[in-house]
Structures are given as C-alpha cells and as structure tokens.
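Take this structure, written in structure tokens, and hold onto it; I'll ask about it next.
Lettered A, B, C and D in written order, each chain numbered from 1.
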Amino acid sequence: MKTVKVGMVGSAFMGKAHSVGYRDCAFAFPYVKAVPVMKEICSLLEDEARAAAQRFGWERWSQGYEHVISSDDIDLIDISTGNNTHKEIAIAAAKNGKHIFCEKPMAMNAAECKEMIEAVEKAGVVHMIDFNYRRVPAVSLARQMIDEGKIGTPYHFRAVYLQDWIMDPDFPLVWRLSKDKAGSGAHGDLNAHIIDLARYLCGEFDSVCGLMKTFIEKRPLLNQEPDKPKKMGSVTVDDATVFLAKFANGAIGTFEASRFAGGHRNGNVFEINGSKGSVRFNLERLNELEYFDLTEDQKYQGWKTILVTEPVHPYVCGWWPSGHIIGWQHLFVHQVYELMNGIAEGKSPSPNFYDGLKCQYVLDAVEKSSANEQWVKVLE
Amino acid sequence: MKTVKVGMVGSAFMGKAHSVGYRDCAFAFPYVKAVPVMKEICSLLEDEARAAAQRFGWERWSQGYEHVISSDDIDLIDISTGNNTHKEIAIAAAKNGKHIFCEKPMAMNAAECKEMIEAVEKAGVVHMIDFNYRRVPAVSLARQMIDEGKIGTPYHFRAVYLQDWIMDPDFPLVWRLSKDKAGSGAHGDLNAHIIDLARYLCGEFDSVCGLMKTFIEKRPLLNQEPDKPKKMGSVTVDDATVFLAKFANGAIGTFEASRFAGGHRNGNVFEINGSKGSVRFNLERLNELEYFDLTEDQKYQGWKTILVTEPVHPYVCGWWPSGHIIGWQHLFVHQVYELMNGIAEGKSPSPNFYDGLKCQYVLDAVEKSSANEQWVKVLE
Amino acid sequence: MKTVKVGMVGSAFMGKAHSVGYRDCAFAFPYVKAVPVMKEICSLLEDEARAAAQRFGWERWSQGYEHVISSDDIDLIDISTGNNTHKEIAIAAAKNGKHIFCEKPMAMNAAECKEMIEAVEKAGVVHMIDFNYRRVPAVSLARQMIDEGKIGTPYHFRAVYLQDWIMDPDFPLVWRLSKDKAGSGAHGDLNAHIIDLARYLCGEFDSVCGLMKTFIEKRPLLNQEPDKPKKMGSVTVDDATVFLAKFANGAIGTFEASRFAGGHRNGNVFEINGSKGSVRFNLERLNELEYFDLTEDQKYQGWKTILVTEPVHPYVCGWWPSGHIIGWQHLFVHQVYELMNGIAEGKSPSPNFYDGLKCQYVLDAVEKSSANEQWVKVLE
Amino acid sequence: MKTVKVGMVGSAFMGKAHSVGYRDCAFAFPYVKAVPVMKEICSLLEDEARAAAQRFGWERWSQGYEHVISSDDIDLIDISTGNNTHKEIAIAAAKNGKHIFCEKPMAMNAAECKEMIEAVEKAGVVHMIDFNYRRVPAVSLARQMIDEGKIGTPYHFRAVYLQDWIMDPDFPLVWRLSKDKAGSGAHGDLNAHIIDLARYLCGEFDSVCGLMKTFIEKRPLLNQEPDKPKKMGSVTVDDATVFLAKFANGAIGTFEASRFAGGHRNGNVFEINGSKGSVRFNLERLNELEYFDLTEDQKYQGWKTILVTEPVHPYVCGWWPSGHIIGWQHLFVHQVYELMNGIAEGKSPSPNFYDGLKCQYVLDAVEKSSANEQWVKVLE
C-alpha cells in the first residue's frame, strides 16, 4: 500500500483536529489510494511539540518548522499555524518538493496567495486548502442535488457564520484580534468558510458590498501583572462583517460573520433558493440537510429533514449504521481521504490553492468595499 | 338560505369556543348548506348567561336549560356543560325534537351513552360529538393520506395528551378533580381525544391494558375561610392514565394522558407508523403535519414538515393565503360547518353519538383494566 | 359604552382581515374603551362591496369611497386599498374629520406621507398604520423583554421576510408587479414590515445600502385572449430586495425581502443579538418566541422556546387557556383594540403616521442606494 | 503510565465501535489513570480477525476466543459477540482473572446473569456493561441536573427506542431474528438501553405490564439457492415490545422498542417530568438536551435546548471548542475512560454486572407479563 509521510506544522486546535484526519483515514476508508503516516509534528516551543506528538500520535517532533520541511522522509507538509505564517511556510515547503495542505484562510491577502500559487506550480506539488465544510456529508449531498438539477436556477444564497466567544468585554486581546497576526477577525475566520461554500454550491462572485464592524475597541492585554492597573490594547480587526453579493449567474446573496451573536456557538447556517427547490444546513446539526422540493404536489410540499447517515450518502459508508451520527472531527477524515487520493493520482483535489485565491479575492473586495462604502467588483 | 337556530347550554370555556364556531361559520364558508343563528344561551346563573350572551353574540339568554330546550324557535341544542349533565340534557332535548351537538366525553360511562343513543334514534334528530381535533386541517389531511394509501398497513399508533395545569399542590379541588362530577380526570378529558383520533386514523380497538394514577391525593377545597386552617379534600380522579392497546387490524398502540407533564401546556401529539410511511402531529403546532415517505429514494428520505395552510388543504380555503396560520378556535368553525351540512342533509355527521359510545367503551375498558391489573377486551 | 362607527374602504384580502379585527375586538377584550361598529364597506364595484358586507358583517355598502368618507355617521375610515390610493383617500377622510386606520406601506414615497401627516395634523384626527406584526403576542413580549433590559446593548438585527408565490414564470402581471400601482414589489410589501419591526425593537436607522433585483422581467398580461399568442408585459418592481443597515445606536443589520424564496410561504423571521441575550421569531410559528439568556450559568444556557399563550403574555388573556394557540387573524383584533383605546383617549396609538413616514424614509433610502450602488443616509 | 492490555472478542459492528473507544481514550483524556493497549482481537473466522486487527489497529489476532482469554499478557476481555455467547466467555475469562467489559444485554436471561456475577465476584475482577448511552454528555448532564434537584419528584418517565431497518418483508432471517441466538428482538436490543436509562435517571422498577408483537412472522432464509423457490423461516423474536411501568418511587413510565417505526433510524428518545422540571433527549441529536424549568417566572418558561458542547459539560473538555459537535462513536471513548479509571482503582464502574442483572430482571418481567397478559412484579 502506498503511503504519504506527513509533517505537521502547528500543534494547537487545528493541529489536534488534523491529527484525527490522518489517524482515522484508513480506519474509515481502508480502500483509500494512499495511507498517511504521522511522521513529525513541530511547534514554536519544543515542549508543546513533544506533548502534541505523544497525545496525537506522531512518531517524532521538532521545534520550528525548518526541520520538518527539510526532512527527506516527509512527503506532505500540513500548515496549521496562524494566518500570517502560511505564505512563508508554504513557499519553503514547495521549494523542497513537499505537497501542501494549508489551513484557511489561505493567506493574509490575494498577493500572498499568488506567490504561494507560483511556488506550488513551479514545484509541481499537490496542494489543498482546508475548507473542511465541503466535506460534511450533508453539504456534499447538497452539491450532488444541485448537480442533479434539484435546485434549478439559483436565486438566493443566504449564509451566516455566527459565534459568540468574545462577547465578554474582559476577554483579552488574543492574536486573533490583531490585524498584523490574523489579517482580519470574523471576516477571514468565518466569512472565508461561507464564501467557499457559496462558490462550491452557487457559483462565482461578481461583486460585493460590505460593512466591517468592531463593537468593542479596547480589550485587556494578555499577561497582565497582578495588583497593577489593567493594561488595555486596541482591537484592530472586525468583530463582525456583513456583506451583500451579486453572483455571476444572476443570483444574489447575503453573508454575515460575527463573534457577537449571543447563543450561536458555531452557527454556520446557509440556504439556497432556486427555481426548483431549496436546501438549508446548520453546522450545529451537521448530520441533517433540509430540502424543499417545489416540483412536488402542492398538497405534500414541505421542508424535509434528511438525516444524512445512510450508506448511500457521501462518506457515510466508512462509519456507522443509519442514524448513528458523526461529529465535527469527522470532516477532517474526509478531507484527508480526498487529499490522499489526490496525492496518489498526482492531482490537487478541490478545494485547492486556486480556490483559496478566489476566496481571498472576495474577502479583499469586501474589505475594500467597507472602506469605500460602495460596491466593489470581485477580481477573477 | 336555510338557517339553524341554536340554543347553547353552558357559558364557560367551551361555551365561548363553540360561540366562535357558530359566529364564524358563514364568514369562512359562505357556501355552507345551513347558516347557524345564535338564538339563546343559558347558564346556571342568570348573570353569567347574560354576560355570555352580550360578549359572545347571542340574541337572548335564560337561566337553567329548561327554557332553551323547550323553545319552539330552537333547532339545535349545544351541550357545553360538565360531563355529568350531558345525558339528562341530551335526552330532554331529543324528546323535544332538537338536534344535538354534545361536548366530549359523551357521558359518564357507556350505559349513559346508550340511553342517549336510544333517545336520539327515537327522536330521529341529528347528533354530533365535539371531538374537534378531527377538524384540524393537518389531521384531516392525515386522514386523506391514509385513505390514499400513503401510510400502508398500520403498525404503531403512539399518542400522548400532556398538560401541566394542576401540578401545584396548592391548586384547589375544582369540579374536574371529583369523580362524581367529572367521571374521571385526565382520562376522560384527554384520553377521550386521542382515543377518538386513534379510531379516526388507525381503526377500532380490540383490547387495552391501563394504569390510572393520582400523584397528589389531597388538595385545598375551594372557598376557604380566611384566617382558618386550610380545609383539604380528596382528589377522586386520575392525574394521569397510561395504557397499551391492540387494534383490530393488528396494530399496537401506546396512550398517555397527564396533567402532571411539566412543560406541556396542551401537548396532544400522535404518530402513526405504517408499512409505507409515517405521520405525526402536535397540537401546539397545529398548522403543521410531519410526514415520512418510506417509498422515496433512500437518499432523499426524511421527515417533511408540511405547513397545512395551502388552498388545497382541508378547510383552508375559507381562511387566508398560504403561510397565514390559523389557531385553535378555528377547529370549532370547521366542526360547525360539518354539523350544519349534516343538519341540512338530515344526516348525523361523523363523529356522532355512535363514535362517542365507541370511545366510551375504550375509556371504560381502561378503567376496568387498571382496577384488575390485566388486559381487558373492548366491547363492540 | 362608547362606540366608533367604522367605514371600510376596500373589500379584498385586507378588507376581510380587518373585518375580523372589528368583529372580534369586544369579544376578546370586553373592557376596550370604545367598541367598533361595522357600519359601511365600499369597493370599486358595487357587487363586491355587497358581497363583502354580507359575508364580513357590515351594515351597509357603497361603491367608490366618496359616500363612506362623507357620511355623517362614520367616525373612522379604514384604508385597505392599493398603495397608490392611500394618500388621496386619507387626505379626503381627514378633511371630513374622520380618524384613519391605513394599511402599510403608508404611501408611494415619503413626500406622499408628509402630505398625509399635514392633513391629519390639521384635522386633529387619530391616525394609525397597520404594521400588524407589532401585535403578535410574541413580538410584544420581545419588546417588553428589551424594555426590561434582557437583551442589553443591541449588536445585530437580522431579518428576512420570505415568500414564494410568484416563482412560476407563468404567474401573470398583477397590480402588485407594476411600479405605478404598487410603488415597489417585495420591498414595500415585505421590507416595510421588517423595517417597522427593527424600529420597534432595535431603534432608528442611520444609513443603508441595498440591492433590488427582478429575476423574471417579462410576464403574461392578465386577461389574455384565448387562441392568440400570449401577450407579455414588463415587471417594473423588485422580486427581491436585500440591504445592510447601520443603526443610530451602533447596531448593524441585514434585511431581505423576497418573493422567490421557495419553501417560505410567509417567512417573516427576525433575530436580535445583544450584550445580555438574544431573541428570535418566525411568523409561521407566531405563538412562539425563542430567547437565549447570556447571563445564565454557562452549563444551562440554551435557546428557549417560549409558547406565548400564557395569561401573563400580551393580549393572551382575551383568548384561550395556555397552549391553545391563536392564528394570524388575531393580530388585527389586537390592532383594533389599540386603535379603539387610542380613539377613546384622543391619542394616535403607535405605530401611527409618524412611524409610517419613518419607515418610508428607510424604504426610499434603500431604493436610492440600490440605484447609486453606495450607502445612503436615512432622513430623520 | 499504567496500561491495560485489551483482548477483544468479536470483530463486527460492536468490535469496530469498541476499538474507537480504546484507540481514542488517551487522545481525549490524557489524564486517564490507565491507558488501554490494543493487544489482540479474535473472531470465529481468522480472516475476519486479521482484517479487523489491521483496520482497527490491534497488534495481533486469533481465531476463536480461547487464545485471547488464556494469554498471559491480556488484562481485560471485551465481549462484543452475540448475546447467547456472553455467559460462556465471561465465565471463562473471569476464571483466568481477566477484567471484563461486556456488551448489552448482559445475557439471555437473569439466571445467566447470576452465573456471570458469581464468576466475577469469585475472581475479584472488574466488570462493566456497555450501556453506552449513560456516557452521552447530554445524558450525563441530565443525571447531574437530577442530582442537583432540578427535576424534583419524578412523575413520568417516557421512552421510546425506534428503528426501522427490518420493515421490508424481504429482509432475511438474520441471527437477530432468532430467539435461540438473540434471546429476544427489539426488546433485548433496544428496551435494554432505555430500561438502563430509566434506572439511571428515574430509579428502580416496581412492576411492569407489556406486549410483545411480531408483525412479519415469516422471512426468507439467508443464503438462498438461486433459481429455486425462496425458502422461508419463522421469526421467533418480537418486532416491537411496549410496556407500562410503576417505579418504586411512585413515578410511572411508558416504554416502546420497535424495528417497525418508519422514519426512525436510531430514535432513542426519552423524557422525564418531575415536580420542578422536565428534561428530554433524542439520540439522533445527541449533542442537545432539552430542559423545562417549572420554577422560572411563568412569563419566561419554555423548553430550552442546551447544546451540550461547553467545556463545563461532562466529557466535553477532551474534545473540541463550544459548538463543535461529537458523534455516536465518542460514547465508547467515554465508556472506556470510566472503565480504565475503574480498573486503575480496582472498582467496577457503573453500569456493571449488577446493573446488567437488574436490567435483565425488567426484561424478563416484561416477557412474562406479555405471555400472561397481566402486570408482573420486577424481582429485586
């Protein structure tokens, strides 16, 4: 059996999640065309790298990313670090001939994305972006239904990605709230996902008009000294970003990302309305897809909740019998499954760096639109 | 236009609800075959009768039921009084040649029901029982679907009718908690409804096995004297009654009525599972019917929520456009519509006194079963 | 008991709905300060007026609106006609000293609204606009909760009003699809409602940025000649309008009105997220209000579905016991109740013509913004 | 770090699920007191054992269970085989001093359970039964709430476990449909789970009254010869079993297990109503717990949906941030976590063999009751 030896850069939240993907891929899909081997994990601090290696099941660990990207026995570099490091690591890895799996958003802006594309094209390596929500069985099913014509001509795409974890004004100024480290706030973190889903399910963007908002502008710095007055710093990213969109195919869309939507822990919800039917999805109930069929007898029309746990549904056959639901972590297994097949076949699976760039064009256009208070054309 | 002059006995909760039925019938269904005229309402106390007449729109009022049932200009007697008075009033009304619309449960027991049937048969009058939940558009639609074969062979009928209005131990000993006035508690009040729905949607009962339970056995009497120790009295009816059932057609059922189900204000919920599909219903969302079609492609099977507000749905054309929901009171309008058509045609519409008796057979069998701790055959 | 003699202009959908309001007001609320008397209804065609009078319960009828607004025994004129007639009728009625209850949107544009306000101010009559969704018990409860501080500082207002009744390309070119008669399409019809709700629940608008879209631009004319080629006409209004908003208090909003959202019959759904909690509402389940309390123990936080049918809830005491739901038509009864009290006290209840104008300012700003492709300040 | 070397008997559905438990235990809970080592898996066929070892991550494999239970380097035997083999394997394993983790139902009847208890008591080994639904975070949270007094005195326990996988009359006569192999049908398979949950959440059973039903009595045998008439065999277990229950604490219950409930793939749903509040749960949405607090202000009472993914919720800290849901497989990880801690401490964690026996007493009483058509006391 062909193997792919993986080197992971980053050992925090995403490092843990990606580890599940590599570990469970052949468990769920023994017929995958290449089996990942969890070779090396690295982190800024050696202690963290060692702890992660032991807990997540990596063979060895290192400090910094230099060792892992220059090791001869590594085939694939997984970039699970902060947004402002993606470009540097990806270009270095590509130069060393490594395939690349990169967290979203792809980079800080479209210019960085283009440099990364140039590097992977030159190196001829396989590349993929972790827009993992394409791999929810319910979302893949929605795409199948669209391909089968069940939605017809799309009219509306309506998506929100709502969270509420920084609503407390005493929540500190973490890296995700600084523009120089994160690029943006809710926008790059959350809108990136629903923009990618819109492209996957509805089509390319024509133009956008957006509004970025910071509700709480000063927050306590991390690592305060006790018994001293609290030091505050400026939040330099958006707490919420909303935007309208025109799609190339004539559909129109509304998008909203927020970290101030109380009661929504991870509320990635979208709906598409087309001439023949509608579908909607909610990540907090990710095993379900709702579908409305406008072609049915009027007497029996209704919103149908499909429990997407049947063996005929995408990715489900690898797991459990009908009605035995899967969780959020499973998406990474599906993602790795596609990535392994791509590497085995020498093809960059979708979503790849080109998708990452197109998403970035939309993100950038929304930022520009918000600054200028007018509609902005999305670059192609 | 033919008219039916109505005399109402009872002016409380049900008197108010039935008044809506008479008042709105021709508003919603101008093509009804006979139009009700709200002639006279009576009550035990004249003040109550007068107040009800003025508020609910009756032409005149009287004290006691003797005047109304002996008035020559009354065609129909509506019995909306306590369960222990139904027999007496119905027999007297039938003797005077009045058509009868009677609240459920029909009487205190099957023996009383039989006397009432004898009286209406002898008098040749039209009779109907107010099992109003047959007239929910969603429930009528369920029946249409069953008639069309969409459910197939029934396997399971599962119904609860849950309320919680007497959970406070300080709630006083009202008439509904005394066996001599109410006959039974949750059983006759709530199980009567779901037994009728089971007969309407699933078929006749073969045998039952039940359990009647009183959770709080002593309660404060009404009309306590201030500054004296509270006087307590015994609850002589069931707070909750559960039972299992075998149907004549081989299906099996579970039934539960309770006034101690916290969080359920009016939770009449049922589900039928058949060989081809399932339907379920919840009175607190009475504009919706859920449907699962087992004959669909497995990939697209799911519970569908039909919003039963389309012009093609039962009774809906009388009201509002799609998506503009109706309320609980509308069921009485539908009920009166059927009753008026029945009177115009000289036929007792379903559910009539025979249905009332058959429901009573089941109620009685459950009581006997609970006393004997074994299964009991339902009389036919 | 004081009475208010009503003259109704218009006998179609809204005429029927308003009739319920007048007929049921004292039935539900016998303590109302003035009782409406359904005196006269008029319509463009005498046959329609007569039929409506008989079915809806009006004492007399007339053709055109001249008779009703000049009758001495009429106190209140109810304007339930097309949007392009509101101004003319309202000004004429005010000149005759009649109180006015006017359908929404108030008029074709803000200029018309101002003329109407001038007229009612000069005449000193009571005026009200039929933004009936303020009178949903659940919506009134939401407002009470906001007043009690349960939501805290508002961050997000998010509303859609989705319908799907003109999705069929063969649906004909009715008056609602012509700009000269309707003013606008989904925008004035549906966005008017959610703009008013936003003002009621979140506060005044600062600026907006919108997009109006017509998906199907040609439709068959009404009254086609048989056996001839179908004649087509141009749709001159929007099928859908979406917009972003900044509120004066710093909150931001997204709004969407559409007649092309398949599966949504009457989907008026809104949500508010504030610093202390969130509420959301769906008109298709209008007896329910969802509430998330951010101040609770984290372990027990969750979205709570309040069944707004308790006697302590707004307007509910007039109707039925807990758990016995009301329907869409009940909102008009609540509206008339407020109007009657206002007339008895000589005060224009909210929402009145000033609210109608403020809503129109927002509607107009969105139209301008859509034409100019940029943000537009809302007039005050 | 202390380790526990595991030998697994059985390599099918449950073998796969339990493997996840062992594999992920230290990943999720690195502070567990003993770490499982996946040593050996066995099966009736060597090929199956080898394939399972390779796919699920076991070090070695063997045919039959004799090798694994007699290996010196095995500490724990996991019994994931058919119900009619549990007793034999468990007694043999106990004799060899192995700890035991056994699938539910514990055995074919109470007599077998008692023999197994005798064996583990004599050997002094740790024992546990795989009633995995106690380990759903939402179910554990329900138990915490009950312990905190949030439900008060229990009145009602209402549970169904509904599936639909054998509704097709052509579904063949698999081992689960034969009494000699499975003991019973839906009853032991599904009621066993909800009986255990009732004991966990509501208390001990006093008496029961049940009804067992087989809807389709003949089914095609497995391994038909082609081109010959289909051979049929008798279904000797129940397709559905319903029963009523009295609890020792005065509460009453209804229970239903069915494999003929169309539309329910894995519908384990329960609700408890007590004097202070209610909770309900649905396995198909296992990340959610619904809660109704009767002690709240009436105006704000409602069913609350708690998304049980907060770090303060049971077991959640091992996994992902708020709102990132887990799946059905995670329950086995939680189960193994409790088991490992139990072995480290030398204590049999709950639910153990005593719980298995008590569940079996209820199962047996229901069977007897169904045969005799009367209530039956549950043994203690």
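Brief remarks follow.
Note that in this section a contact is a pair of C-beta atoms (placed from the backbone, for glycine too) under 8 Å apart; a residue touches a chain by one contact, two chains touch by 3 or more.
None of these values were measured; they are calculated from a predicted model.
Ranking every chain by how far its Cα centroid lies from the centroid of subunit C, the top place goes to D. A repeat of the C-D interface exists among A-C, A-B or B-D. It is A-B, with more than half of its contact pairs matching by residue number.
Centres computed as Cα averages put subunit A at a distance of 41 Å from subunit C.
Subunit B and subunit C have centres, each the mean of its CA atoms, that are 36 Å apart.
Of all residues in subunit C, those that touch two or more other chains are 264, 301, 303, 307. Residues of subunit D touching subunit A in their complex: 13, 17, 26-27, 30, 55-57, 163, 165, 264-267, 283-287, 307, 309, 319-330.
Taken together, the subunit B residues at the contact with subunit D in this complex read 155-156, 158, 160, 162, 164, 167, 209-211, 213, 215, 240, 242-244, 246, 250, 252, 254, 256, 258, 260-264, 273-278, 292, 294, 301, 303, 373-375. Every residue of subunit C that touches subunit D in the complex is listed here, in rising order: 141, 291, 298-307, 310, 312-313.
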